[in-house]
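Just so it is clear, A, B, C and D label the chains in written order, and each chain counts residues from 1 on its own.
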């Protein structure tokens, strides 16, 4: 394949390379576990290596899709309705990079954790990666839905087979909860295609063409709610979040890392890519509801995290809180808000991914996740303590670390929409400090109360290699977020402008901001 | 030329952090300590060079040096970059931070000599210096906030340095959380500023406010109050001061550097930096003055009865900070900064003195089990006395000049009022008394230590005592920088040496006369009773009032001597007569207990309810109920499969009937 | 009523209906599967009768052809039914319908 | 094809149908059914369907009833069948109700259907029910149905053989 040919089909290569890797692993005999691990890591590392040039080849300043490939796939009613059309823009670029990066880290992180049936485990992880990448690059609604559902299956098995004691309950709950939500979305997808067909005689599922679809106010609300439910469950937003703590507690370490790092972002990505551009008026009408749910999610998630006895549950509820910020950022419809929510997604991927790895590492040593079983382990594990503190600080939004950039932009965005949103959301910063530091105090600090803790070994080289990139990621995103922000801005601005033009009475702040944004660039 | 060296000031400590942080445990102790000290020395040298450069620039030119390093967050209309600024105010602060900081670093090499995590301590100390310098040199609010939270983090790490001690870990967490509550207010203030002015750079914001003063007083008041919430959190004012006394769990040099000289003064620096904002919001100024005065008095009363040497000094710091805020409140920002500088010297001296006392008598902090230490530790004792006299406001030491200037302007300042003056004087008396009590109980009277310790008491090593003497020198002569006009004219000193410090700070702080005009203009319509320009107080009063406070201070020191040296029993007797009042003060008005009863415990209970009740019971219950419902429904349908053949036949026939009936309609 | 008047179509419907309902009721009442099969045959026959009557009254041959198919199906059904009964009888030596409820849900 | 023979024959048919249902002895029942089939065959004749009448007698009365009797004799299951009384009360009650309902429904619908068929029999060609015409219609219009019927019969045969074969193992 010539260089520019490779560049043209890079997205397809990235997405399906892991699948090929999974097939390759299936051929390796079951006993050769080291070979399996090596191949798994090699494939995920290769995928990440190929995805890195995306970051540099990406033309900043253009809102449109790049690296697009558009090939007919299924013909319906004589028209090529369903097409294999893929492409990424400012929004999905970082999701793809985050996925490949975290999967590589997760696979490396699970070498010690997974003891039985490694072959199936690593094959499933790679299949999961393909599923996730597919969701982020799909530009055809059916292709998107296929990957959206396909991605559930490997995750279900990873939680169901290698999970903790209540893994079956958790896996089934996770699967059915997400599936139920997305079925409504399927109905909405079909409805939209039919409406387009009736209106223009063109049967297509392509996202681009369906953007400007005219529809009655009532239908738009219904379709919006269908999409919103599917994504709200995925985010998870306040009332639909109860599957997350169970899924996280029961999932193996790497499963949790991927679940928190990438799967949750599909919800917010979905809002930005589908919900808002397809139904601008309905989004504006429902914005207060979604903002309220987001803010409740922030405060509720933080408060409940405060009293969790189990570390993983605590981190799970903290994810509910962090993603509440992200949702708030999206639905205030300001440029800063949306960009903040995107940065928050990436930073949450780094910090929560690292947190789960950290919890997993001491779980592998002590086989317990209860906070009171630990105490004073900083004295015994200095390197672990140091990384734990840096990641905690990133998670609660300390400036010059990734958490702050996301939170700050969302707060700016929400203040422009309505100052009270920002006031309520900012309380999240205090609450997150409360539960994180209290957990840190009970785990790392204080005297060593149990003698098993005295014998804990500090992080070995492999564990350091797994954690250091994540720490580096949080620091880079915190200190110099400009390359990220520049690449996101045009596409996000495009989405926000859709709502503003559709929005009849968007507050004056938007105009001022948009105008200022214009001459500032 | 100096312009492009500004980045060196924060860069040196950062380098120190990287060296000690990554390689520390491999380096020998000596090297790790010296690297840390050199880092701070480097930035001290550069900041002094910057200060001198500013001094030399003629009055006409703008005394400001800018350096933009790299763009930080830029989206749409929100553009901020990491850029530094050196103007008189930040130069003074930088010199204080690096100067006192360097001395404390040297002191720490001695104090922490045999601590197992030696290199980690110096990493945190350097990180703190880096964050503080960032805070001070930032040229926009967001970068200042980076430093603001950075010092909060370092104070958390350093308070909880001996994390094996549960009380230290808890104190660290408490400090961070209370600071975070303050930062919450500061955050909202910044958001408000951006929303109103469209940018967070000082230059842009201050010019817009200066352009049309008094235009948006209401919004400015809200902004200033929010910023002040941040200041109360960071500089331990009511109601967010509770963390400072507990912060004494950390090593003493930490208390000296962070909880006396530098970090706690960040709030005062911020208020002084935004003086143009505060001056245009007289209501906010009034609030600051009231809270400052209240804190000063409140903390001083608690300080009277504390028995832990460091807690007395902690409450004294809270009280002195109250003074500074009162000064800002009445519009005398330069006086506040001057007191901040002098306070940094003598409070650091007192803390380090206390540190060498604790070091000398092997970790004993309760002054009731000390006494007569002058014999064993003459240098520490002597320098401690200098600190005590300075803080009590005895001329010619620095405390006298800075504190009396504040007391004078609390009456004669733009927002001055005799009530502030009264509080100022009373607090000065209390300060003199509790410092005298502390010094006499520690260094004079019969030694109350157990016998076996007495033989082992020793004077601190050279590295610590030299620092003490250096700070003592600073404490004595720092005052001469800003001699007030009244004394200056009386002694016919050359014109430029009078109030030199205030004139130097002119460009970056709103001058008193100008402040008075702005306040009058802004307060024109404000209904608040207090808010009106102070009646003209003629300067003749200044000297007699100064004399009054000096005499009162002397009296209280004499009272202290009589109570604690000549007749040691009197204090306990007096306390016995009013046990309720004594225990109230001893338990610091039960503020901590009230907070935990009002905020912490209900908060936890509510979260537990949220988790158990709402999350597990209602939402999860609902989800499981749906699953249970389908279970029941399917069990119901099972009955239909009864296996009774003729039952099926009857069913079929009935169905047929219905179908026929429907079709024939 | 003139005895030699032509027979109206309605009476054919009535007749086949009566025969059909006798068959249905018989099927429900009796427990012996053989008798039940006979009742089914009776019902099918009633159907055929109506088919032929309609074919005659409407003049369309399709009715008769359809009866032809009904007979084919009836024959098949009886064959299989009786085979089942023989099989059951061999295993359980009684063919009372009510006992045969093994296929319960 | 006048009213008198119609009524006479229908009385015979209905009587023997009732006899079948109420008869305790399966063999007598089978015989009653044969008579019923004969009556119906005569009806077919009255309605001009000679070929079908012959087929009816040959297939129904001949083959199917013989099969029944053959199975009855083979299995020799005489006398298990109690009278009507041992049957569970409820089952009879339901059967009676449904029967009456069915009759009522037919009573109501019959006159409606009259409109469909027209009072008078339609004019039909002479050889209306003859085998030629039936064969013609069968193989011209309904060939596919015929093939399918063939398959059904084949399947039934195989099924019956498999089911009833005595297991040797």
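Rule of thumb we're sticking to: contacts are C-beta pairs under 8 Å (C-beta built on N, C-alpha and C of every residue); 3 or more make two chains touch, one makes a residue touch a chain.
Since we're looking at a predicted model, the values are computed, not measured.
**Q** Tell me the fewest steps from subunit A to subunit D, where a step is a jump to a chain it touches.
**A** 2
**Q** Which chain would you call central, comparing Cα centres to the global Cα centre?
**A** Answer for the innermost chain: A.
**Q** Using mean CA coordinates as chain centres, what's the gap between subunit B and subunit D in Å?
**A** Here subunit B and subunit D have centroids separated by 104 Å.
**Q** Measuring from the mean C-alpha position of subunit C to the mean C-alpha position of subunit D, what distance in angstrom results?
**A** 5
**Q** So, what's the distance in Å between the C-alpha centres of subunit C and subunit A?
**A** The answer is 66 Å.
**Q** Suppose each chain is reduced to the average of its Cα coordinates; what separation in Å results between subunit B and subunit C?
**A** 100
**Q** Multi-chain contacts in subunit B: which residues touch at least two other chains?
**A** In subunit B, 646, 650, 653 touch at least two other chains.
**Q** What are the residue numbers in subunit C that touch two or more other chains?
**A** 24, 28, 31, 98 - these are the residues of subunit C that touch more than one other chain.
**Q** Two or more other chains in contact with one residue: find those residues in subunit D.
**A** In subunit D, residues 91, 94-95, 98, 102, 109 touch at least two other chains, as defined above.
**Q** Which chains touch, pair by pair?
**A** Pairs satisfying the touch definition: A-B, B-C, B-D, C-D.
**Q** Mind pulling up the subunit B residues that touch subunit D in the complex?
**A** Residues of subunit B touching subunit D: 646, 650, 653-654, 657, 660-661, 664.
**Q** Report the residues of subunit C in contact with subunit D in the complex, numbered from low to high.
**A** 1-15, 17-26, 28-32, 34-35, 37-39, 41-42, 45, 48-49, 52-59, 61-62, 64-65, 67-69, 71-80, 82-87, 89-90, 94-96, 98
**Q** Please name which positions on subunit D make contact with subunit C in the complex.
**A** For subunit D paired with subunit C, touching residues are 1-4, 6, 10, 13-14, 17-18, 20-21, 23, 26, 29-30, 33, 36-37, 40, 43-44, 46-49, 51-52, 55-56, 59-60, 63-64, 67-68, 71-72, 74-75, 77, 80-81, 84, 87-88, 91-92, 94-96, 98-99, 102-103, 106-107, 109-111, 113-114, 116-124, 128-129, 133-134, 136-138, 141-142, 145-146, 149, 152-153, 155-157, 159-164, 166.
**Q** Looking at the complex, which residues from subunit D come into contact with subunit B?
**A** Subunit D reaches subunit B through residues 91, 94-95, 98, 101-102, 105, 108-109, 112.
**Q** Would you pull the subunit B residues touching subunit C in the complex into a rising list?
**A** Residues 638-646, 649-650, 653 of subunit B touch subunit C in their complex.
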